[in-house]
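A short write-up of the structure that comes next.
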Amino acid sequence: MRRWAILCAVALTAAAGCGGGGPAGSGSGKLSDGKVVFGVLNDQSGVYAQLSGKNSVEAVEMAMADYKAKYGDKAVVKELAVESVDHQNKPDIANAKAAELYDRKAVDAILDVPTSSAALKVADVAKEKKKLYFNITAATTDLTGKACNKYTFHYAYDTYMLANGTGKTVTDQGAKNWYLVYPDYQFGQDMTASFEAAIKKAGGSVVAKDPAPFPNASGDFSTYLLKAPSLTPKPHVLGTMQAGAELVALVKQYNEFKLREKGVGLAVGLMFLTDIHSLTPDALAGTTYTDAWYWNYDLKSREFADRFQKETGTRPTFAHAANYSAAMQYLEAVQATGTDNADEIVKYLEGRTVEDVFLRNGKIRAEDHRVVHDAYLAQVKPSKEVAEPWDYVKVLKTIPAAEAFRAPSADCKL
Amino acid sequence: MLDIENLSASYGEAQVLRGVSMSAGKGEVVTLCGRNGAGKTTLLRCVMGLLPYTGRVSLDGNDLARKASYQRARLGVGWVPDDRGTYATLTVAESLSLRVSKDGWPLQRVYDAFPNLYARRASAATKLSGGEQQMLALARVLRMGSRLMLCDEPTEGLSPLLVEQVGAILRQAKEHGVTVLLVEQNLHFAATVADKYYLLAEGEVRPTTPDDKELLTYLGV
Amino acid sequence: MAQHIFNGLVGGSFLALVALGLAVIFGMLRVVNFAHGAIYMLGAFLALSMPSFWWALILVPLVLAAGGMVLERTLVHRLAKLDPLYNFLLTFGLTLIFQDLVKWRFGVQSTPYPTPGGLTGSVDFGAFDFPAYRVFVLAMAALICFGVWFLLSRTRVGLIVRASTERPELTQALGINVGRWVTPVFGFGCALAGLAGVLAAPMRAVHPLMGADLIIVVFAVVVIGGLGSIFGSVAAAFVIGVLQALSEAYLDSALVSQILVYLVMAVVLLWRPSGLFGREESPA
């Protein structure tokens, strides 16, 4: 047994040692190594695997194919590759894997990275290695606040956008008193803070807020659901900041405890198409939430969704579309500048207005690297209104890019 | 009835028994003496099938080599272990019904013979006194109707009155044709029941008698 | 307060059923089955493929009992003579295999499962009302725990299992074929975990890692109750369930409810190293 342990230790040290190899040189004005490599770093097996996961790798591959098709012989990038790594939502793993991707796999840009605490680690690595990082699925505004840096872009959404959409709208509709339940880690705490601010601004109040263990070992939220109707004043709405499988469990139990019948509505902080699919639309019918993108919004998004479905068998979430978009915009930048030098790409992207299947009225802000775009207030349809599979949502209103995101924060010094 | 031929056993590197041969006839009480650590318990465990050995152990001429210990028990080998083998999770009554045979003593007879056990029948076996536990171990084997009883120091820690009772039970068993292999340090007690004696020393066994000078010196009596 | 205690008992039900199986298996085989959480998860997923919840309640435990017995015969029984490290490697390896099989077949997404018809309403307890399904879960768990207690303490099979669990060698020497009971007991333990999985499907998220999350707490519960002590495991499960519910309801820190079970474990181990109801292992 002892021998095994030693063997493992030796193997591990060896691997770590190799990881410390010198940075891949990045000559300016040309592709450093003749090719562009994307690193998709996300949850491929856990609670967030379905909303992004392996299918985001597919989305990036679609972008690569589209780039080749678009530029053909004129393409600056002759060789394209994608590396995908499972970070299991653990910050330390994300940290180590990000360094490995940049150093050993010659990755030019890391994409995705759900789980805010992990995303912040990767931002540090990107800054240290001076390599690009497009965050898609982490929500913390710190990425464009105190933790912002020159090489990190925050793409799809953030806690401010969600709170500002959902918190404000639901309060405006008359649900003044809120009870907030959130997973007790960076994302949940950020979301709760953002929601509180948005609710107060709209004239509502937070009756109570409860942090729930994360990850929730039992998948049980019944304590909070029991508590909700007995709070004084009785909340009009329960705002949940849980995501993925935890959200699924919570909504299941919300219905089980018949809170809607007891006069406590449901607002969801962050929801993905895959969550609605898991729960069936009836479990969520009438729930409003803020969406960064919807596959059946218009013909352009639908066309992308059809292709995506051909590749993966399911409809894309906004995370999938955003991964596609980020990869595509990066390749466009390389094409335009003729280099994969990170500093020059940053210079090219900063302040640029962009329009693609995901980014509507998109703009890459130079001040904080927030990528702003139109967001949507969406409502889950009851199943009898669902005309085709996966078309679970009605877009109530478009929130213009200028209003959807917060103004650049003073905390951010690039 | 019981024949042991050239039996050797060891714990890892340490060989404890080196070619032991002995026998016990039907209805005989055979006493096995030896110093502490001589290997008496080891020998009984081999006969019971709880320890691997080389050599041959046979019951009525049938080799037991391929029999697991539960099969040996069913063939009529009963074990009264040196630690009394009491269960914490079983009551006295349950311990007495773990395995019973129609040849064995009925429950009532056990309770008549050991009123203490009757009084404590609903308690956990480990809550009994040492002497009571010893009675229980013996009674358990009587319930099974064993033809060969392997008794590992059954009188240890018993009051003279109870020692006498155990003697009576062994004599009774003997009259019914039960063979007893008795490991015993108390030669006075052994003398009241034994038909023959063996001495186990240096991993080997040889016949002896209770007045054998050599035996007495060896045991330090 | 009453409603939170009641709710804690419901949460404790799952812990109890899974811990019970774990304890029975450990007692009889001296194997810590790290795959028990995965079997709970398989129970929930198998429920998806059954014609109805009620069928699942009967069939899934049977299927998992059979599967468990095959597993015991083919793999687990080989652990008997090996270093405990192999116990960990095998059962943990099985966990990963089961999880990946389910991921491959069903994806990583939570799968919907409706509350069984007839149990969608609420039960009025005067001071509070409670979802009927949860009342049913608690009743089922209580029934099963009582049934297992009855089986173990009042039947001949139970007598043999208790004796074999406590002193396998002695019991063998007293004429009982201990080995014959090992496989059924393993199957039975798996069936209990599977049943808990079926019960969880309508009220929790059904996803491949649901068991991995649960099993860690169950281990703590089993250690608190006393490894191998069946009564201890069940009692500890309900106590932990209630403590967890109360801490979530009345404390403002998720951290406390999250580490509560480990705190209790640490305290119990310091105070009684063999657990609340555990006995020191006999040296034999």
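We call the chains A, B and C, going by the order they appear; numbering starts again at 1 in every chain.
Operating definition for what follows: a residue touches a chain if its C-beta (ideal position, glycine included) is under 8 Å from a C-beta of that chain, and two chains touch if they have at least 3 such contacts.
On a predicted model such as this, the values are computed, not experimentally measured, just so you know.
Interface comparison, A-C versus B-C: the higher number of contacting C-beta pairs is recorded for A-C.
Of all chains shown, the one whose average CA position lies nearest the global CA mean is C. Centres computed as Cα averages put subunit A at a distance of 74 Å from subunit B.
Subunit A and subunit C have centres, each the mean of its CA atoms, that are 36 Å apart. Centre-to-centre, using mean CA coordinates, subunit B is 42 Å away from subunit C. Subunit C contributes residues 3-4, 7, 10-11, 14, 83, 85, 99, 103, 107-112, 115, 122, 128, 131, 133-134, 200, 202-205, 207-210, 213-214, 216-217, 244-245, 248-249, 252-255, 257-258 to its touches with subunit A in the complex. Against subunit C, the residues of subunit A that register as touching in their complex are 1, 44-47, 49-50, 53, 183-184, 210-220, 222-224, 226-227, 244-246, 248-249, 252-253, 256-258, 274-275, 277-280, 283.
For subunit C in complex with subunit B, the touching residues are 159-160, 162-163, 165-167, 169-178, 279, 284. On subunit B, the positions that touch subunit C within their shared complex are 48-50, 68-70, 72-74, 79, 81, 83, 85, 87-90, 94, 97-99, 140, 144.
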